[in-house]
Amino acid sequence: MADIDSAPPTEAFIVQLDGFAGPLDLLLDLARAQKVDLANISILALVEQYLAIIEGARRIRLELAADWLVMAAWLAWLKSRLLLPEDETAAEEGEIAADVLAARLRALEAIRAGAAWLNARPQLGQDVFERGAPEDFTEIDRSRLKLDLPALLAAYLAARRRSGAKRQYRPKPILYWTAQQALERLTRMLGSVPGWTDIAAFLPERRETPLAHRAALSSTLIAGLELARGGDASLRQDAPFGPILIRPGAEHRND
Amino acid sequence: MTDYPHAERLLEAVIFASREPVPLRALATLLPDGADLDATLAAIHAHHAGGGIELVEAGQGVMFRTAPDLAFALRRVVEVPRRLPRVAMETLAIVAYHQPVTRAQIEEIRGASLSQSTLDALLEADLVAPAGHKEVPGRPTLWATTPHFLVQFGLKSLRDLPRQTDLLVEAASSSADTHEPGPADP
Amino acid sequence: MTDYPHAERLLEAVIFASREPVPLRALATLLPDGADLDATLAAIHAHHAGGGIELVEAGQGVMFRTAPDLAFALRRVVEVPRRLPRVAMETLAIVAYHQPVTRAQIEEIRGASLSQSTLDALLEADLVAPAGHKEVPGRPTLWATTPHFLVQFGLKSLRDLPRQTDLLVEAASSSADTHEPGPADP
């Protein structure tokens, strides 16, 4: 404790104030300069050194950061409590505040020591190095299918909704036997029939409604007339509203 | 265990930490005075002989690799299952609900044409299979789901599929005219 | 030229192949029946003792890395990122010792505000990460060290950090020098 006052390094501190990360950092450095266990430092000496440095710094640079000045104000208050306590309560306040400051300095010192300890360890990427070209033995197997019922149902709904939406714009499907269909059927079947045959025999098997039956009959008649026009078939009706008969070949050949 | 000369340790570490094979020339510049590159590399090689890693030449340099005969033991197969494409999933769903069903019917229900590749994918995955022919002109193939389909979807039978009426609340009436029976129907 | 048992070769290869520490559990599953994990690792460790690379425990696993005494020579060859500045190291130490900790708490301990660049540097180096929120008004983010923190500093767990009281004794006995050696140094 003897050399505390003999070597105040204030000048150096004033110049390097920016080098400290805040007032606490500076206080810790001042405390360490007392070269004793942090538990036994003189808070009063510390306070006086800090105030001297701030005072000196303000003479050189007026724009001193607020937190330096706040700390200075608080330390000035602490100094008054430690030096000239108005009463017992004030003295006690001063002692408590001094203890708090000492505890904060010890906590910061411990962190600094922790940082130094970490810093001294061989760091990966700094002092020691991992494998530069790692090898990967992982193989991705995409052969299996990921299937689940919800996805199947969602897909079904999507398909039905889309086609359902489409169906609204589609014209009603034609259910009737067309002349084209009748022509194909008649051409295919007529060859296997030797003589006169009722044209009704060439109607398709499926005729759900009377309307469909009449439609099929008229389509087949049109097809028969078409064939007769080309000379591939002959038509005949023996009585009004009687059955219409058809046979392959032109009319004149058989007369 | 072994007595390592400094040159050997240094080159071992450099080759280990490098991202690329280290050119011999670069290694030579690192060697302490008087050390021989070939001899040092031979020593490193010998030290690892028979171990899990080995020093190999690659291009103009050298690198460490794990021993090739261990690759099989170290291989880790990670399964990343594929999803069926949407078109295939929809087709599969239609077959499931309307089987046996012709290709033309599938196309009508989906409102889109069915590509051969989609059908092939489902065949290859053993999810659908031919189930006879429809006795109409042209005798088109009928398609149905396979037993494997049930396994894949964790179904005991086709009856486990939700009924169409439960599924298609609003579409049920409109579908009545064309394709009524679901798989749950007898 | 040593005679390698299969288990030793296998684990050597798998640890060597990886850049990250390989978890002990993963190694145990690879081990052939009847082989002892600790004994096998000890054999691998012994085989590399004194060499350019060494087997170390880091985090929950083991990894190979270059021998620390070769750092100087390797830094000339391998690209090395900048060391963390003192402020960042102190912030990291606060997080390591007081985690989970809020920014305000960090600032309180250091008696200075925490700059964005310091936080960025620690995040970028994957040394600290958010660890939820403190349930107080404003719900400030809590910070903790990452698994990579352990790997970077070669620690098995956070319990490997020296106790703060021990550090203080250390610091006091070595008086006011700037950077005293940590207890981990030989």
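Just so it is clear, A, B and C label the chains in written order, and each chain counts residues from 1 on its own.
The working rule: a residue touches a chain if its C-beta (ideal position, glycine included) is under 8 Å from a C-beta of that chain, and two chains touch if they have at least 3 such contacts.
Values in this document were obtained by computation on a predicted structure and should not be read as measured data.
**Student:** Please tell me whether A-C or A-B has the greater number of C-beta pairs in contact.
**Tutor:** A-C
**Student:** Quick check on this structure: which chain has its C-alpha centroid closest to the centroid of all protein C-alpha atoms?
**Tutor:** A
**Student:** Rounded to the nearest whole Å, what is the centre-to-centre distance of subunit B and subunit C, using the mean of the C-alpha atoms as each centre?
**Tutor:** 37
**Student:** In whole angstrom, what separates the CA-based centres of subunit A and subunit C?
**Tutor:** Result: the chain centres lie 32 Å from each other.
**Student:** What whole-Å value do you get for the distance between subunit A and subunit B if each is reduced to the mean of its CA atoms?
**Tutor:** Centres of subunit A and subunit B (C-alpha means) sit 23 Å apart.
**Student:** Enumerate the residues of subunit C that touch no fewer than two other chains.
**Tutor:** Only 16-17, 64, 66-67, 74, 78 qualify.
**Student:** Hey, what residues on subunit A touch two or more of the other chains?
**Tutor:** Answer for subunit A, listing residues that touch two or more other chains: 129-132, 135, 137.
**Student:** Where on subunit B does subunit C make contact in their complex?
**Tutor:** Residue list for subunit B touching subunit C: 1-4, 8-14, 16-18, 26, 30, 46-47, 49-53, 64, 66-67, 70, 73-74.
**Student:** Can you check the complex and tell me which residues of subunit A touch subunit C?
**Tutor:** Within the complex, subunit A touches subunit C at residues 21-25, 27, 32-33, 35, 37-38, 67, 104, 106-132, 134-137.
**Student:** Please give the residue numbers of subunit A that touch subunit B in the complex, ascending.
**Tutor:** Interface residues on subunit A, with respect to subunit B: 129-133, 135, 137-149, 151-153, 155-164, 166-167.
**Student:** Can you name the residues of subunit B that touch subunit A in the complex?
**Tutor:** Those residues of subunit B that touch subunit A are 13, 16-20, 63, 65-66, 71, 74-84, 86, 89-94, 96-97, 108-112, 125, 152-155, 162, 167-168, 171, 174-175.
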